[in-house]
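Input: structures, listed below.
Both complexes below contain chain A, partnered by chain B and then by chain C.
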Partner chain A sequence: MHSEYPPTLPAEYADIEFENNAQRLPLVLCLDTSSSMAGAPIQTLNNALTEWTRELHDDVSLSYSVEVAVITFGGQGVGAWRGPQLLDPRAPVSPFVPAHLFRPPRLAAAGVTLMTEALELSMHIVAARKAELRASGLQYYRPQICLVTDGLPTDGTGHLTDSWHRLIPVLAEEQRARRFRLYAIGVGGITDMGEQVLQAFAPKFHARLQGFPFRELLQMMSASANAEQKGAGDEVFEKIFSQFKTQRPAWES
Partner chain B sequence: MADRGAKDRGERESPWRVHGMSVEGYRHRRQGLPCQDACAYTVSPSLAVLAVADGAGSRPRSDEGSLLAVELAAEHFGRRAAAAADSGPGTAVRELLVDAFRDVSKVFLDTTGADAPDFATTLTVVVLTPGWLGHLTLGDGFVVVRAGTEDGERQFHLLPQAAEASEYSNETVFLTSPDAARWVRTACVSDPGIDGVLLSTDGLAQAALNRSAGGASSPNASFADAVFRSLDAPGPVSDNAHEALAALLRSDRLTALNADDKTLLRAVRKARP
Partner chain C sequence: MSGLTVFLDGKPVTLAELPLKGGGQAAVFPVVGDDGIVVKLYRDPPGPEQERRLTRMLTMSPLAARPTNAFQPPELAWPTALARGARGEFLGYAMRRFGEPAHIQLIGLFTRAQRRKLFPERADWRFLLGVAWNLAFMTARMHHDNLVIGDFSSSNVVVDANGFVTFLDCDSIAFTDPATGELFPCLMHTTDYSPPERQAGGPASRATDDFALAVLVYQLLTAGNHPFGGVPHDSASESTVKDNIAASCSYVVRPERVVIPRGTVDPSVLPPDLLTLARAAFGPGVLAPAARPPAEAWLRALNKERSQVRICAIRPLHAYGSHLTSCPWCTRVATTGHDVFNGPAPLPLPDPPPMEEERPEGRLSPALKVALLVALVVALAVAAKHLGGG
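Right after this comes the complex of A and B.
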């Protein structure tokens, strides 16, 4: 671990027994893996996930607190991943993995963009995880959901759909009740219309970025997790996000 | 605080041996921020006041706020308790605790003025007299006492904590919150068997407390036992004992549970000669 702190306990305290009851911070990566992400973009995303996982393991303050779940929308529909493993939707298994045990999935891009359904699943797993944590007496921070897409919501046949409108009042209410923080981020060739959808989902925390700066995006999520642990005010999250929005990806400069 | 000679005499003649510290957490250290926790105490032959405070992570001058809060607490709780030293345990004690809190709160808000929210801090205080233990807390600090033995095992008890202010554990109530007085929790315990008292801020909540499935907290006996035992050794606290506590509070083991600043202020009853 990258810590200057003593790795072992002093002899007189060596027999203290600790439960693993660190306060948890559920974090959902809700990722577009539809056909438009094929090729270099999905490769970039996979590489960024690998790199971010390594950083997460090295971060003493996040590794035992953050719990990562990955939701993807692409292929035939929506998938929940427990680390590298795609879960059977019928299995009652939580997709959240403690950060220090998290291993990234290898994602492939194809198919349709069931963005609405993916966000609904993200909200559902967050609520379920909170209930599990409460039931086991564990405390938690406000969860974070990060939606990343380069397109527009479609239905199961790949046709554009307005079904995402049904999410707007739900998300507004969830945000008002501070049930989670939602970041909605457009990448690649996302259109004006695509950006409008993200803006409707996350009025304050939406962005449209050039290229596929997944490294920076995941680092922003870690910074946000750190701020959450610190008990930072909303203005801090806005600052972190605005810095992230205005930075130019390394390969453009 | 009293002059050095009086303080030494107080330490020597007090039935309690007191020791503690606040250390910066991993995150503050990495970001070069000051420790926003503080602790202070005063002791005399008949009275000990212990105070810990946790400055709000989101506020720019909360390190000064926590320090001001514990210093004011040591002074005002000490004065009120000394004036009421003859009170028996019960309502009168709780009233004096609330009065002392009002004193602290007034001076704190007068001193910090219009910028008070920048100094936001929690406050947890214990007053020890021969007849009773008084406890007042605002925010998420906590107190564990050692009292009695069952089947050869020392017994530990968590004093009542203030109600949780929010669904999220990193949100709490501060001295500068508009209706702070409403969130204050007091308790008076009369148990001559109490021979150890430990105060802490929420940075140690995961290490020092266990939570049951229902969310109820109870002391982690192995933690309490170890930190009291190391202070039971007669005589002044050695440099080694001080460094060992600092190393415990800064250990990766504790950081993994909570990366926040940490405070531990502990008192044990000296062995009667």
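Right after this comes the complex of A and C.
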């Protein structure tokens, strides 16, 4: 029996995969953990992830379909996390965890900003997960990728690089084909140049926010996932995002 | 911390700072000092049409909105007052609170992990059948009152520990004002529960409700499987429930067309009368609204089955239809190792609600139930005759 399970599926999730054949909603958090995030910002991010995880577990609708993967860029390169566990890049293990079993990683900040490589890895794991689901007869909603950064893309030695230009046509085509929804969020002291990079990645869904409002950011991802489950039109996603950007609901205006 | 002050019938109430739940259109707030009600505020200023709609609703008293007794929640979270701002502007409305942990979204019954966490030791097939009965009853009563649910899904219906159901988003219901003839349409829908004509932009109708009801009843009776699950063999890339509905592609009717997920429960767990209705709804009924079984037909078939449910002698929480000679859930354990109702190991349970031995029952006495059923059938027969003769 167990030999039938796809090789990338960890044994502890096999029973869940078998029993829940709900349409899935893959969600990738692609997070900057480079040195500029050190101190209070990374602490705020860790706390926000813990709070969000609790809300996700309590949300009966989201925990039915959402699967979470975390990609980080910092230290020496990029990392994929299956819940709290940093995966060995050579191991063929999917980083997606069903929402009701997700536990957040404890992130530390240091090193360089391989933003381009992290986005490429995010797109790769989404495509691989889709293929895996499809082969099992399981359907999926449009996945969501949320890029969060306070800086500019660098190479492995920490020097600014233009390598992110290679992503622009790829991301444009992927989003045109509705293969995923990309949110690109600048936080902290991100520069004008940093914001331009995010705008190039996600022309409609990019933002530059004051401080490190990670709680609101993760709640926006949940609201967007809810809208996706409901089958909402693009205008609803734009409304959710614009409310998030202005950080103010309509009844306060 | 507290938030906004709004006026309900002229009386000021203070809302909690943070909403219980916020969607794209509105957010629902607790009221400071009153656990019995919540206030729903629209994100964008609601127009005069929405204000007229809610004002009309306050004058209506549909059957399903009336509480039957203290132990049974009403089937509708009907508006109780308009919510206005300091300058009298219309902001939203108040309704009775049907919150967790006593009231859980229907979707919580669709996976074993959630059933065990949210309905410990009680969500067997008999319970699911009872919930399906209550949903069909609610739908039939609303249609009887000329109300169309419109946005009918597993997320906006809640169910309590006894299997009673309550529909939450009453402000989206479609109805015609009997006094002025003004039609208030339903502008919301949930694609996984919408038939093709609704996905294409058509209005909500009894027939679109009947489609959503058929999907929900099927999901309940198969412990959570959507009848339009599975990936079509010819699918190129993206594959969704919505696409399968639009293409009229259900494995319940045409299993050969899709890759069916391995864990899918065989449709034969449905008793024959119910399976016949499901095949009508997910076969010809997908593209032909008139071919969909109405709520009354589901109610009759569910009612017939409720008194005949069999209980497995071998494993706990195994109940099944009277048409089967052996327990289908035990057969599944034997062939796959997977038990749909009992977990491999106990999960940590956060504060389980107090246990009661009571099983899901209808909200009315059996005699009254039969009387109502007869009345509905007679009404239906009269309507059919009228149509036939007209």
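By our rule, the second predicted complex is superposed on the first by the 228 of 253 C-alpha atoms of A that agree within 3 Å, B and C clash if a C-alpha of one lies under 4 Å from a C-alpha of the other, contacts with A are read in each partner's own complex, and residues count from 1 in each chain.
Rule of thumb we're sticking to: contacts are C-beta pairs under 8 Å (C-beta built on N, C-alpha and C of every residue); 3 or more make two chains touch, one makes a residue touch a chain.
No experiment lies behind these values; they were computed from the predicted model shown.
Visitor: Check whether A:228 is in contact with chain B, with chain C, with both or with neither, and answer first, second, both or neither.
Guide: After superposition on chain A, A:228 lies in contact with chain B alone.
Visitor: Applying the document's definition of touch, where does A:63 land relative to chain B and chain C: first, second, both, or neither?
Guide: Both: A:63 reaches chain B and chain C.
Visitor: Touch check for A:54: first (chain B), second (chain C), both, or neither?
Guide: After superposition on chain A, A:54 lies in contact with neither partner.
Visitor: Should A:124 be classified as contacting the first partner (chain B), the second (chain C), both, or neither?
Guide: Neither partner.
Visitor: Is A:243 contacted by the first partner chain B, the second partner chain C, both or neither?
Guide: A:243 contacts chain C only, not chain B.
Visitor: Looking at A:22 after the superposition, I want to know if it touches chain B, chain C, both of them or none. Which is it: first, second, both, neither?
Guide: both
Visitor: Between chain B (first) and chain C (second), which does A:140 come into contact with in this model arrangement: first, second, both, or neither?
Guide: In the superposition, A:140 touches chain B and chain C alike.
Visitor: Name the residues of chain A shared by its contacts with chain B and its contacts with chain C.
Guide: Overlap of chain B and chain C footprints on chain A: residues 1, 4, 15-23, 60-61, 63-64, 134-142, 178, 226, 229-232, 236.
Visitor: In the complex of these two chains, what residues of chain C are touching chain A?
Guide: The contact residues of chain C facing chain A are 4, 22-25, 27, 41-45, 91, 100, 104-105, 107-108, 110-114, 118, 153-155, 189-192, 194, 224-226, 229-231, 235, 237-242, 244, 258-264, 336-338, 340, 344.
Visitor: Note which residues of chain A are touching chain C in the complex, please.
Guide: 1, 4, 15-23, 58, 60-61, 63-64, 100, 130, 134-142, 178-179, 223, 226-227, 229-232, 236-237, 239-240, 243, 249-252
Visitor: So in the complex, which bits of chain A are touching chain B?
Guide: Contacts found on chain A: 1, 3-13, 15-23, 60-61, 63-65, 134-142, 178, 226, 228-233, 236.
Visitor: State the interface residues of chain B toward chain A in the complex, per the touch definition above.
Guide: Touch residues, chain B against chain A: 25-27, 29, 56-58, 167-171, 206-207, 210-216, 220, 222-223, 226-227, 229-230, 241, 243-244, 247-248, 250-253, 255-260.
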